[in-house]
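Each of the next two complexes has chain A plus one more chain, namely chain B in the first and chain C in the second.
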Partner chain A sequence: MNELAKALAGRYGAGAWHDQRRDLSSVVVDASKIRDALRWLRDEAGYRHLSFATAVDNIERNAFTLTYALRNHETSHALIVHCDVDRENPAVDSIHRLWGQAWTYQREMKEWFGIDFPGSPRVDEEFVLEGWEGPPMMRRDFNARAYSDETYAERPGRATKDPATHMKERLYPEAAE
Partner chain B sequence: MFVKKLKPAPLANEGLRPEERELFCDAAPTSYKGATKIVEDFYNWARAQSLWILGFGTGCGAIELRPLMTSRFDMYRYGIQARPTPRQSSVFVIGGYASVKTLKRIVRSYEQMMGPKFVVALGSCTINGGMYWDSYNTIKRIDQYIPVDVYIAGCMPRPEALLAGFQELKRIIRAGGAEGQNEYAINFDWYKANQKKVIKNWDMPDYSW
Partner chain C sequence: MSREKTHVIPPAERAEPDLSSGKYLVMWQGPQHPGITGNMSLKLVAEGDTVVDCETHVGYLHRGFEKLMEDRLWMQNFPLVCRIAVPEPDFNEYCYAAALEELAGVEIPDKAVWLRTLSLEMIRLASFLMWIGGQAGAFGHGTIAQWSVTMRDYVLDLFEELSGGRIYHMYIIPGGVRSDVPKDFFKHVLETMTIIRKNLDDIELVMFHNVVFKMRAQGLGWIPREWVDEYGITGPNARAAGADRDLRKDPGYLAYPRLDFKSITGTRSDAYGRAEVRLAEMYQSIDLIRQIVDRMPKDGPFREKLPNPLYWKIPAGETYVSAECTRGEYGFYVVSDGSDKPRRVTVRGPSYTHAISLMERLARGVNIADVAGLMVSLHTYPPEIER
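For the complex of A and B:
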C-alpha cells in the first residue's frame, strides 16, 4: 500500500497515511482536491465502491472532517479518505457524478452539519427532519439538551442517580458509609 | 340554570393551501354526551370486550405487540385485535418514543379514529422522555399532545405488562372513566396549541376528520 500512498502524495498532496489494520487505511487530502483524488482512486486505483460518506465536527480545529470510505474489492482493502473543510463556510465539491448514491449522503450532511455541496441533487431539501427551524443539529455547538428543555414539555419529578454510587449503596451499604 | 349553547367557530385550517381548505372539515370536535347510565354502562361493558388496536407502531415499543399477537400471549383471548386503519380501531398504542415527525402522524391518526377511542402509552419514553430526555427531536411526554388513558411503564415493558395494562384499560372503560375523547374535545385548543408548538410545518387540517 505504500505505492498507493506515494502516488496519492505525488498527485494530490495527500498525507498522514495511517494503517489502522491490514485491510484498512486512512489518508488525508486537501478539500480542493477531494473530487479529483476520489475519481483517481475509483478509476485508476480500483477503489470502485463507496461504502459511506459522513462528516465529523472537529470544533477544536474549526473544521468539519469529511470522511469517504472506499473499498477495493480485488485486494479487499478499505481506504478512508479524510478532508478538512472550514467550519465557517463549509462547501465541498459534490461527488454525485462519481457514485450515484453519494447525493443521499450529501443531503444528509447538508441537513445535519450544514455542509453545502453545490450541484448535488435535492441537497437543499429536508432529509430526516420535518419543519426543522433550529441550527444543523449534529454540530457540536448545538446544545441539544437546552433545545429540548425549551421546546418539549417535561414531566416534573424526574430524578437521576449516579449508577456507581447508587449501586454501591444498594449492594454494599457498609462500604458506602 | 339554562346555558345558551354557542356553536363553536370553524377552524381556520391555516396550514392548508387556500384551494384545499374546502376539501377538509373545519369543525372542531365536540364532546360526547352519554345516554342514561344503565345504557351507557352496557355500552361500556361492550366496548371493553372488543378493543381494536390501531396497527401503527410508532416507536421501538411496537415490537412488544408482536409477541402479544402470537400464541404464547395471545391477546385475542381478551378481545383485542389489530386493525390496519384508524377508522376501524378504538385503541391507539403509542409504542414508546415519538419523534416530532411521528407525532404528526400520531395526531392525525388519533383524530381520524372513530369514537370512543382510547390511548395506551407504552414505555418510559411516553411518560417522561425515558432515554430520549435530552433529544432534540423527541417529545418528552405524550399527554401534552393527545390524551392518555393508561400508561405502561418499562423500557421495554414485557408482554405480561401490556396485558395487565389492557386489563386496567378495560377496568377503566367499564367504570366509565375512559374519557380521553371528551377531554380532547373540551381542551381542543390547548392540545392543538401544544401540537403546533412542536410540529413546525403544519400542513394538514386542524382537525383531521
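For the complex of A and C:
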C-alpha cells in the first residue's frame, strides 16, 4: 500500500497516510484536487467501488472533513479519502460523473451540512427533510432540543418526567416522602 | 486524460418529459402502497402504461439517528442502532459493536465470534424469507408469503429463545454477546433448519417453475455488469450480474474464514436471476448455520469485561466496519474525538444506492404493473437510507 501512498503524495500532494487495519487505510488530499485524486484512484489504482461519502463537522478547527470511502475488490482493501473545506461557504467539486450514485450523497451533504457541490444534479432539492427551514441539522452547532423548543408549540398532556425521580416516586413512594 | 464513462447518465441529464403535453400521467406509488418496500415513494411518469421517468422520494422515516447518536453516550446508542434496518437489526449491532471494539482495542472471546456469526446468519435467513414472500406477492403469488413468513416466525422463535426479543435482539453488544446459549438451543436450531429447508424446496418448485413468475420476472430490471462499479451495487444484485463479491469471503470477518462456502454468482441479471441467487443463498445460510453449530466451541467465556459504560471514553480515531448483509455492503463509519460520545456515526446501507440511483434508472421503460416486482427484486429497506 505504501506504493499507493507515494503515488498519491507525488501526484496530488496527499499526506497523512494511516493504516487503521490490514484492509483499511485513510489518506488526506487537498480539497482542490479531490476529484482528480478520486478519478485516478478509480481508473488507475483499482478503487472502483464508492462505498459512501459523508462529512464530519470539525467545528474546533472551523472545517468540514469530507470522507469518501472507496474499495478495491481485487485487493480487498478499503481506502478512506479525506479533504477539509472551510466551514464558511463550503463548496467542493462534484463527483457525480465518476459514480452514478454520488449525486445522492452530495444532495444529502448539502441538506445536512450546507456543503455545496456546484453542478451536481438536484443538489438543492429536499432530501429527507421535507419543508425544513432551519439551519443544516447535522452541523455541530445546531442544537436540536433548543430548535425544537423554539419552533414547535408545546402540546398539552405530553409533559416528560425525569425517569429516575418518576420511578422512585412510583415504585418507592414511602422513600420519596 | 478523461476516462469518464459516457453511459453513466446522471439524473439531471435524463429525458425530461413535457408534462403539459397531455401525453403523460404522473402518479405516486407510495408511501402507503402494497407494492412498495417500506415507507418511501416513487413518483412515476407514465406514457400509456409504460414508465418513462421515475423519482425516488425518501424522508417519511427520517428520525435523525445519526444526529441523536452524537448526543448520547457510546452505550446509550445501542438501542438506537438496531432500529436502522428493522428486518435485519443484527448487522447494525455487529458493525457498531465491532467499530467500538476496534477503536477501544477490545478483543472478544472466540465463542462470542461464533455466536455473532450464528446470529448474523439466522437473521440473514429470516430476512430472505420475508423478501421471498414480498417478491412472490408482487407478482400476484400470495401463497408463498404465507409459507415463508411462517418459516421466518420459526427463526424469530429461535431469536426469542436466544435473546428474549423477536425483532430487536440487542444480542451482539460491545465486548461479545449478551448471554450464553440456553439449554437445547442448538437442537432447536437444527430442527428448525430441517423444516425450513423442506419448505424452501416447496417454494422453489412452486415459484421458480411457475410460468407467470417466469414471464414477468425474466428480463425485468436487467443490470449490466459494468453498472456494478458505476452505481456502487453490492450483494445479490451485484452477484446476479456476475460480480463475484462477498464481504464474508473477501476480506472475511468473524468466523466466516473458518467456514466452507463459496460466493454465489448468477448469470441472469434480471429479477428472476436475482431471485435465484437469493434462493441459493438461503440454502447456503442453512448450511452455514449447521456448520457453525457443528464447529463452534460450546464452552468458554462469551463476553469481555468492559469499563463502566457510563464513563466509557473511546480513544480518538476513526474506522469503517462493514459486513455482508442480505442486500450487500452494510457498514458503520464511526469517528471518536476521545470523549464519551461519538463525534460522528454514518451508516452505509446498500438501499441508498439500489433504491435511488439504480431504481430511477431501471424503472424507465417498465410496465406500471411491474414496478412493484422490480422494486422488491432490488431488495431495499428505506430506514437505512434516511438514518
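Following the convention adopted for this analysis, the second predicted complex is superposed on the first by the 152 of 177 C-alpha atoms of A that agree within 3 Å, B and C clash if a C-alpha of one lies under 4 Å from a C-alpha of the other, contacts with A are read in each partner's own complex, and residues count from 1 in each chain.
Quick note on the criterion: a contact is a pair of C-beta atoms (placed from the backbone, for glycine too) under 8 Å apart; a residue touches a chain by one contact, two chains touch by 3 or more.
On a predicted model such as this, the values are computed, not experimentally measured, just so you know.
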Touched partner set for A:Ala78, first chain B, second chain C, both or neither: second
Partner chain in contact with A:Arg158 - chain B first, chain C second, else both or neither: first
A:Ala144 touches, of chain B and chain C: first, second, both or neither? both
Partner chain(s) touched by A:Lys6 [first = chain B, second = chain C, both, neither]: neither
Contacts of A:His166 with chain B and chain C, given as first, second, both or neither: neither
Chain B versus chain C as contact partner of A:His49, first or second or both or neither: second
Larger contact residue set on chain A - chain B or chain C: C
Contacts of A:Glu133 with chain B and chain C, given as first, second, both or neither: first
Overlap of the chain B and chain C footprints on chain A, listed as residue numbers: 128-130, 137, 144
Parts of chain A lying in touch with chain B, wherever the complex brings them together: 128-134, 137, 142, 144-145, 147-149, 151-155, 157-158
Contacting residues of chain B [partner chain A, same complex]: 100-101, 104, 127-129, 133-141, 144, 194, 197-202
Chain C contact footprint on chain A (complex, rising order): 20-24, 26, 39, 43, 48-52, 54, 56-57, 67, 69, 71, 73, 76, 78, 80, 96-101, 103-105, 121-122, 126-130, 137-138, 140, 144
Of all residues in chain C, those that touch chain A in their complex: 3-4, 8-13, 58-59, 62, 64, 66-68, 70-71, 102, 227, 229-232, 234, 243, 245, 250-251, 317-320, 322, 329, 331, 333, 335, 343-344, 346, 348, 352-353, 356-358, 361, 385-386
